[in-house]
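Lettered A, B, C and D in written order, each chain numbered from 1.
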Amino acid sequence: MERRAAQLRWERHTQRPLLALAVAFALAYAVPIVDGSAGRTVTSLCTVVEWTVWGAFAVDYLMRLALTPRRRDFVRTHWPDLCAVVLPVLQPLRLLRLVSTLLLVGRRARMAPQIRLTTYVVGSVIGLLMFGSLAVLSVERDSPNGNIRTLGDAVWWSFTTMTTVGYGDHAPTTGLGRMIAVGLMLSGIALLGVVTANIAAWFISRFEKDDVEERRQTEAIAALAEEVRLLRAEVARLAAERQEQPR
Amino acid sequence: MERRAAQLRWERHTQRPLLALAVAFALAYAVPIVDGSAGRTVTSLCTVVEWTVWGAFAVDYLMRLALTPRRRDFVRTHWPDLCAVVLPVLQPLRLLRLVSTLLLVGRRARMAPQIRLTTYVVGSVIGLLMFGSLAVLSVERDSPNGNIRTLGDAVWWSFTTMTTVGYGDHAPTTGLGRMIAVGLMLSGIALLGVVTANIAAWFISRFEKDDVEERRQTEAIAALAEEVRLLRAEVARLAAERQEQPR
Amino acid sequence: MERRAAQLRWERHTQRPLLALAVAFALAYAVPIVDGSAGRTVTSLCTVVEWTVWGAFAVDYLMRLALTPRRRDFVRTHWPDLCAVVLPVLQPLRLLRLVSTLLLVGRRARMAPQIRLTTYVVGSVIGLLMFGSLAVLSVERDSPNGNIRTLGDAVWWSFTTMTTVGYGDHAPTTGLGRMIAVGLMLSGIALLGVVTANIAAWFISRFEKDDVEERRQTEAIAALAEEVRLLRAEVARLAAERQEQPR
Amino acid sequence: MERRAAQLRWERHTQRPLLALAVAFALAYAVPIVDGSAGRTVTSLCTVVEWTVWGAFAVDYLMRLALTPRRRDFVRTHWPDLCAVVLPVLQPLRLLRLVSTLLLVGRRARMAPQIRLTTYVVGSVIGLLMFGSLAVLSVERDSPNGNIRTLGDAVWWSFTTMTTVGYGDHAPTTGLGRMIAVGLMLSGIALLGVVTANIAAWFISRFEKDDVEERRQTEAIAALAEEVRLLRAEVARLAAERQEQPR
């Protein structure tokens, strides 16, 4: 039990520093893409920051694994975290590092107890839009037939993809770009589902008039209980009288 | 309490005049865009009307703020109203004035107690379609690569965007036009959510057969209560007899 | 009350003949569009059939109006029927006749008691797809910039529009064609809403485990009632004994 | 009853072998399309495998029909299976064989008791994406105006179609290709519905706070029952005392 408490304490204390590192990663990822003519120093600095952030999340995963009481269960239920930690070592691609870090940040965020599902979804959508735009831009800019060459076009394309509007004035042409696009499409469908479900749940909770019937039932049961209490008092009085009664 | 009543009275009395002003704003906004060759007199008259309507809503905001019992809460929960009042002063752009006034009209409309959510959503969608078309037309008409040059094309584009169909035969090319497009897309997703949720809530309210079970419960409780009432009467009769009984 | 019965009898007896007329209308509408080189005799025969079917539905409306007990209410709640009856007289356009007849058929179909909502929606969607394709084809075929020139393209375009996919390889270019497209888009959104709502309602009805709790409650109430019944029998026996008791 | 048990035993025992055959079919269908330059031997081998798998499913259908206690009901409720068995005999087209086998596999899979709806839907979507891509590729590759000529393009197009994004950079041009596209679109809408409904049902089950009220009711009823039990004991004691009482 003590170890479980230590794990929770670790998770609470590391929450804010990890969030700050996530922001640092976002900047380090964005700078070389937005500023296409960034020098070599800047680019390698950014790479260092990216690896550092990934490393911090890997350490966080290992610490939580060390502190958890049931290690086997932890590994089994947190297998995406494990993948996200291991993958960048196997294939040190920039995009993979992005996906890994996003996954690790997202899974840590979902763990935070004070976050509500809607906030989580909105945050994910904004994050996916931002990083989807950057990733597509970095992939498509150098493609010979590509038509996403500025940050503006990339953001615009991300929006038309995620809302499933899909004008087709800009569309990825490379395999990697299309994989990013599929990710955006699927998260767009999920977003639409969450929005609709939120509204539907709110509607239905207002439609529910069963409350009235149930409250009436509760009142009826309470009245009945009062009646029985009175009856029992009466019988008790009767019994007491009998005792006292001269025979 | 008196102040709260004054606030409600103000809101009720100003409802109709503000609606009339909103219609005036719509006309003043539409005229210079639809009639591209409108003279300078007409254009400046329209600008005056726009500022007047915005001013009236600003006064309405200030009056409600003055009348509300808890000013700090009012400012905090009505921060979009505050933004809508302040922004056109900082940046006197036409589009910003439109967004501000739409926001103010929408938030006042939501306050009206007799309006139902579905009416509100349908009204918002029609308003967004109308103003989205006009705004895109005014922005894209002068863009060198623009392909939205007539009111018909703008309305058609608005519909294909809001329903997320997105043929791509017309699409905005400027940054401002794309921001308007994103607004239309997001409201289209919200519209789809509301339509689906409405139908789902209606379906589910028809599916609910719990009522039968609950009504049977209520009846069972009522029968039980009657039984206990009879029992208590019997015991009371018994007790009374005993009292009378010659000893 | 007798008149209300007469109205219901009329509606029941005319249901099948009107359905047959609707099919005749569909054929009469389709033939001149599909067979572009149809002779004048065929075309004018089709026009006659169209007017006859519209006339039959107009007579049906008038008969129902004559038989209804509360005429004012009937006119008020059936205003779309009235529009559909009156409009083709004012503007004898072919498309308007189509819209009017579709509206009349749809409203009569919704009245049939044995039809379920899902059947109604699926029927409407198929009808809209079919007539949307034909109407767009007839409108766009003669447009100079049109790109919907064969029945195959028209049907394909209808599907891409109604499912909100919107590739944009075919899109209407005339005002009328775009109005038909908007109709298809909106009904596509409604279709999506109905599909989602149907699945959601089915899911939720399976999720509801309240039944268990409620059934337990009902059983508890029944057991309680049995207990009280036994108690009352005991008290009654006690009272009876007392009566018999030699004093 | 014995026959029903035999049918269930058959279905349980054949489940795994049929799944293996389905995978074999997938490979046999994919190879000649992916490897466009496959020799005649490979192609005819694949055709043999396809016919064998279809034959195995046909035998499975006939066995289940032979084992079922109510044959007429089985044929009526399993009419899509019958179509899927008969159609490839009438029209030995490759695409028809694919549709038939997919239908038979899907219907057998739905019968498996341990499968949950969400798993079934996700499986169907992946299967449809895979086979939709292959089928469109085989149909469109030889079309003169076709723009889907590589497997990558076909998969990409399938995703943009199923998510209803529809960029329009690739779109089928032949009648058959468009029929496949319509199938993908409709299943995409169904997928969206299932995703939304799943989220909505989950939301609503969390929103339901009726449990609290009901649990309170259950507790109240239990307390009441206890009260009545005590009362009955009191009355019983009273009656017993009376019996013992010296007269």
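In the analysis below, a contact is a pair of C-beta atoms (placed from the backbone, for glycine too) under 8 Å apart; a residue touches a chain by one contact, two chains touch by 3 or more.
The structure displayed is predicted, hence computed values, not measured ones.
**Student:** State which chains count as neighbours of chain A and simultaneously of chain D.
**Tutor:** Chains that touch both chain A and chain D, as defined above, are B, C.
**Student:** Could you compare the number of C-beta pairs in contact for A-C with that for A-B and name the larger?
**Tutor:** Pair with the higher count of C-beta contacts: A-B.
**Student:** Would you identify the chain whose Cα-based centre sits farthest away from the centre of chain B?
**Tutor:** In terms of C-alpha centroids, the chain at the greatest distance from chain B is D.
**Student:** How far, in degrees, do you have to turn chain B to put its CA atoms on top of chain C, rounded to the nearest 5?
**Tutor:** Angle of rotation between the two copies: 90 degrees.
**Student:** Using CA atom averages as chain centres, what separation in Å is found between chain A and chain B?
**Tutor:** Roughly 29 Å separates the two chain centres.
**Student:** So, what's the distance in Å between the C-alpha centres of chain C and chain A?
**Tutor:** Averaging C-alpha atoms per chain gives centres 41 Å apart.
**Student:** Could you say which residues in chain A touch two or more other chains, in rising order?
**Tutor:** Residue numbers touching two or more other chains: 164-168, 192, 196, 198, 200, 204, 210, 214, 217, 221, 224, 228, 231, 235, 238.
**Student:** Give every residue of chain C touching chain A within the complex, in rising order.
**Tutor:** Touch list, chain C to chain A: 164-168, 196, 200.
**Student:** Note which residues of chain D are touching chain A in the complex, please.
**Tutor:** Residues of chain D touching chain A: 152, 156, 159-160, 163-169, 191-192, 195-196, 198-200, 202-204, 207, 210, 213-214, 216-217, 220-221, 223-224, 227-228, 230-231, 234-235, 237-238, 241, 245-246.
**Student:** Name, in rising order, each residue of chain B that touches chain A in their complex.
**Tutor:** Within the complex, chain B contacts chain A at residues 117, 161, 164-168, 171, 175, 178, 181-182, 185-186, 188-190, 192-194, 196-198, 200-201, 204-205, 208, 210-211, 214-215, 217-218, 221-222, 224-225, 228-229, 231-232, 235-236, 238-239, 242, 247.
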